[in-house]
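Think of it as A, B, C and D in the order they're written, each chain with its own count starting at 1.
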Amino acid sequence: MKLTKEQLKDIKNQQSEQNSTKRVTVPELENILYEAIPALDHGFVRVIDYMGDDTSIVQAARVSYGKGTKKVSTDSGLIKYLMRHWHSTPFEMCEIKYHVKLPIFIARQWIRHRTANVNEYSARYSILDKEFYLPSINNLAAQSSSNRQGRGDILEGDQAKEVLELLKNDAERTYTNYETMLNEKYDGSTIDENKKGLARELARMNLTLNTYTQWYWKTDLLNLMNFLRLRADHHAQYEIRVYADIMLDTLKKWTPITYDAFIDYRVGGTEVSSKGKLILQKLIKGQKISIDESGLSKREWNELMVAFDLKDKIV
Amino acid sequence: MKLTKEQLKDIKNQQSEQNSTKRVTVPELENILYEAIPALDHGFVRVIDYMGDDTSIVQAARVSYGKGTKKVSTDSGLIKYLMRHWHSTPFEMCEIKYHVKLPIFIARQWIRHRTANVNEYSARYSILDKEFYLPSINNLAAQSSSNRQGRGDILEGDQAKEVLELLKNDAERTYTNYETMLNEKYDGSTIDENKKGLARELARMNLTLNTYTQWYWKTDLLNLMNFLRLRADHHAQYEIRVYADIMLDTLKKWTPITYDAFIDYRVGGTEVSSKGKLILQKLIKGQKISIDESGLSKREWNELMVAFDLKDKIV
Amino acid sequence: MKLTKEQLKDIKNQQSEQNSTKRVTVPELENILYEAIPALDHGFVRVIDYMGDDTSIVQAARVSYGKGTKKVSTDSGLIKYLMRHWHSTPFEMCEIKYHVKLPIFIARQWIRHRTANVNEYSARYSILDKEFYLPSINNLAAQSSSNRQGRGDILEGDQAKEVLELLKNDAERTYTNYETMLNEKYDGSTIDENKKGLARELARMNLTLNTYTQWYWKTDLLNLMNFLRLRADHHAQYEIRVYADIMLDTLKKWTPITYDAFIDYRVGGTEVSSKGKLILQKLIKGQKISIDESGLSKREWNELMVAFDLKDKIV
Amino acid sequence: MKLTKEQLKDIKNQQSEQNSTKRVTVPELENILYEAIPALDHGFVRVIDYMGDDTSIVQAARVSYGKGTKKVSTDSGLIKYLMRHWHSTPFEMCEIKYHVKLPIFIARQWIRHRTANVNEYSARYSILDKEFYLPSINNLAAQSSSNRQGRGDILEGDQAKEVLELLKNDAERTYTNYETMLNEKYDGSTIDENKKGLARELARMNLTLNTYTQWYWKTDLLNLMNFLRLRADHHAQYEIRVYADIMLDTLKKWTPITYDAFIDYRVGGTEVSSKGKLILQKLIKGQKISIDESGLSKREWNELMVAFDLKDKIV
């Protein structure tokens, strides 16, 4: 992530603002406002704006005239209750806006979360930056043999190098040809004064999916948590998890009570099916259980045993 | 609208806050923050929170690192362009939150706007205030004879009085019976210590649709304008228009450039069908036009003539 | 629920259609298509249309050219997997449309589910039917003393009668006055030829919240399940649960494999927080547990014990 | 677009289905159901399923018990009225599902329409087909000099050839390297038995944005028209317009009355701002107009003159 002088100045300018407001503010989050927090090799996450804090959830849940309740402990109890019972609307009363730079193949996963507002940098209108994601050596994993959409072991020495070479060369070559077609370099300089450039909306199709794009992304607290639950999970692709982990940290700064409840009930929690409940009940009573009588598939059985750390019962 | 001492104090407390923030602020809107702006006989609109201003639209449209552009004139030109060409996503980058008190039959119209976040006061959980909407005499209109879902002339003397009596008596009687069933008065006092009260979730069904409810309602700038375009329009029911007009004024304070573009292109603008275009073209060229050859229905023809103030052409 | 001759004929007409289609069809659901299934005292649920079946979920999940997979067992395994892992988009590929008649206070709960399409009968345009919901004696419950938004014991004899009288009389009186104000009876006949009627959009405000309304309501399978999970739950208000139970039955006819997975993983399943997991793990290992060391509130502790049928551990 | 034998057989199988249903059917649309209609060089659009027809819009708008009204002319008048006055909910009562094969850079534009259901072919799970979009010679346009996000003249001979060569070679090379990294060919055969392949979720990042992907895409009639209004417009990028034009044709087969109204009021219609209205009024009255007094920018002025075919007034 190399920000230009101009960009750094723009960020500094916004960070030096000192405005007065009657709205609720969150000093912890103000501290990192506008900061470009690095993600992967050239990406970043910036918090641009926010609305509300933990007390706003309480205020809306109670439809009260004032701010939250009088006591933090009451607010905390209510927020935990709302989280536990899947109340959704009070959490929608807080809003946050990010500026994110990310590889296109990750942007394509991200955009599947529909309940958000997005403005993406337009490659019909402008030239994309000359930046591509190249995984670090210890993220170059083989296809998992057990999970058709997951990663297995890290690739070994030579093959890893070879892969990195291919990724790097292909990204650079296709970008250079993108410039050739545009008849314009990434810095805006014209290549051949006697030529016209191919339309930007066409030339971009030559770029590889690890090219970086960027967008403004705004969502409410409920949908942010929905996003984080899926994307900060260990089943998520590593590259999007890097972003989710950074955002999880901004969530902690923004609404610490909600964050704690979220970690307890969602991230660290688990779901048990009706069949799974019967098995746990038998285990608690010290009764025998067997996969055959459980009605569970082998996969489902193991997922249950892993969730409750019953490693000796994995089959 | 009678706010209790407690409520007034809560409002004053929030209005006296002086927080420091790096976020963009809108002094014009800060001035009326938390204020209960009266609507109808017992309702109100309060602006509780907001995110962004006119420059945020520009910032998102450009996916820029800094705040808007350098010059107000450039911002204004871009916002007008976006509005004219129905660009939607940059306007979603601003968010506003209201606290609204309104009659239930209006709340039922309002809630049909789905792209918003809502927390309504729960009549399963609490007792509703003893407040009902009673129209003023000059809003007691007869059913329109030409428009099946509109109003015609004002009702004359005796009938108007009679209607008001009916509305008033029915609302008061059903509310009193609501209290009887709850075995609890509106102020929380128990009526008969030896009786149980009917569950609140049931007793509420006895209330009339002009009873006031209240909610927190949060939406983005785009969807606020969608709401206002329909609800501040003269086709909208008068009672919801009262709220929309107040909100239109908050829009003007919040994002004045967007407000101007909205008034010019949406509120004051009109749409012309392909058949309508041909007629206007003929009129401009001084050619003859006739409804028979136009392909327009009488209704549609007249709508066009009214839109362009061609009263002599109305048939 | 009294359907007019005209309405019954309309229903019969549609039920007698025999159209040929290449689309997937569900004979079990076709059997009850258009039928008005009674709900409460005057309401109903009618299935009007549907798109897709269990195989459509599989088809979309695989983005396949043909219909589902070759084998029902494979389809079933995949649907269970998708449900267990909260995959959402394949379930959005099926759609269903209902025609529902329901009391207004229930319609107000229902409409909070935003991801659906709705056309409600317009009381600005037409006169509402003269039908109000009156609970049966054994649904007249007192306010719960433990749960602020729930029901407790059934009201006893005299008080129940009194409540029913109040509800009945108030609904009838306000409806009669609604007719008076409209200067029009429910059957469309004019009351006084020399008078104008009050605009419908105003007169309706005099009706009580147990008046019946009706709407077309269309949603996808995912959002139908979200609705049913909340509204067929025992925490839901009885009156909406009556509708949800009927719709649960239509779900079973429509997509039986999905229905089974839904019952196992959602309806019959439970969630366990990270703190709750530790307690269950201790119980399984035969270790001692105590509420003080658990980090759980009393309420949360008891919810866990109830979920796993550990009645002796309730405190 | 080369469909495999297996795929063709799957399509034929579905097309040979003859199911009986009481639902409304649209024979014109049934005729092309499941058919792969070619789009660009390797893409297609297939209609997979639909719910409702023109009468369903009328049925929902009236909340009627039967099907539409008795007369086609009445249905048509109502649908035109609804379209003209921007009534939206009745059009949401029809639903359609497509299977689409399209280049990734077009998929990225398309997915910005959020109110739709999507299942995309997963490149984390499977290998993408070896197919890339290469524009035909007469679609290789230069960047527009007047419109920063549009196309200008067609590129001339040599440069066009050169561009095509670059696009072709880069797509093929990056795809071959994608196979190398996966250690697996597009047909599923392993390349080197002694090697592991890179995880699919990583290898895909090497593909260029003109690689084809595919998805199931389902939306309601209202949102389909919103999509088509933007994407079948001449401002839309040519490549997505090809898809929109095909879908416009399926709309015509599906709901012909709605299609006509859509073409008249939306596609062929125009919007006039309040300032623009004043100018047209003056023109009709034969009064002088000038851009200086109009309050319009030059760009806006010209847009108005073009919309009403007043070429001599363009400045």
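The definition used in the following text is that contacts are C-beta pairs under 8 Å (C-beta built on N, C-alpha and C of every residue); 3 or more make two chains touch, one makes a residue touch a chain.
None of the values given here were measured: they were computed from a predicted structure.
Asker: What are the chains that chain B and chain C both touch?
Answerer: Chains touching both chain B and chain C: A, D.
Asker: Copies chain B and chain D touch; is their interface built from the same residue numbers (over half shared) or different ones?
Answerer: same
Asker: Can you give the whole-Å distance between the Cα centres of chain A and chain D?
Answerer: 29
Asker: Can you check how far apart chain C and chain D are, centre to centre, with Cα atoms defining each centre and the answer in Å?
Answerer: Those two chain centres are 35 Å apart.
Asker: Where does chain C touch two or more other chains at once, residue-wise?
Answerer: Residues 89, 112, 118, 122.
Asker: Give the list of chain C residues in touch with chain B in this complex.
Answerer: Those residues of chain C that touch chain B are 103-105, 107-108, 111-112, 114-115, 118, 122, 124-125, 133, 135, 139-144, 148-153, 155, 159, 163, 166-167, 170-171, 173-174, 177, 180-182, 195-202, 204-210, 237.
Asker: In the complex, go through chain B and note every residue touching chain D.
Answerer: Residue list for chain B touching chain D: 77, 80-81, 84, 86, 89, 112, 230, 263-265, 267-277, 280-281, 283-284, 286, 297, 299-300, 303, 307-310.
Asker: Inside the complex, what are the residues of chain D that reach chain C?
Answerer: 3, 6-7, 9-11, 13-25, 30, 33-34, 48-52, 56, 59-61, 63-67, 89-90, 92-93, 95, 97, 99, 117-122, 214-216, 218, 220
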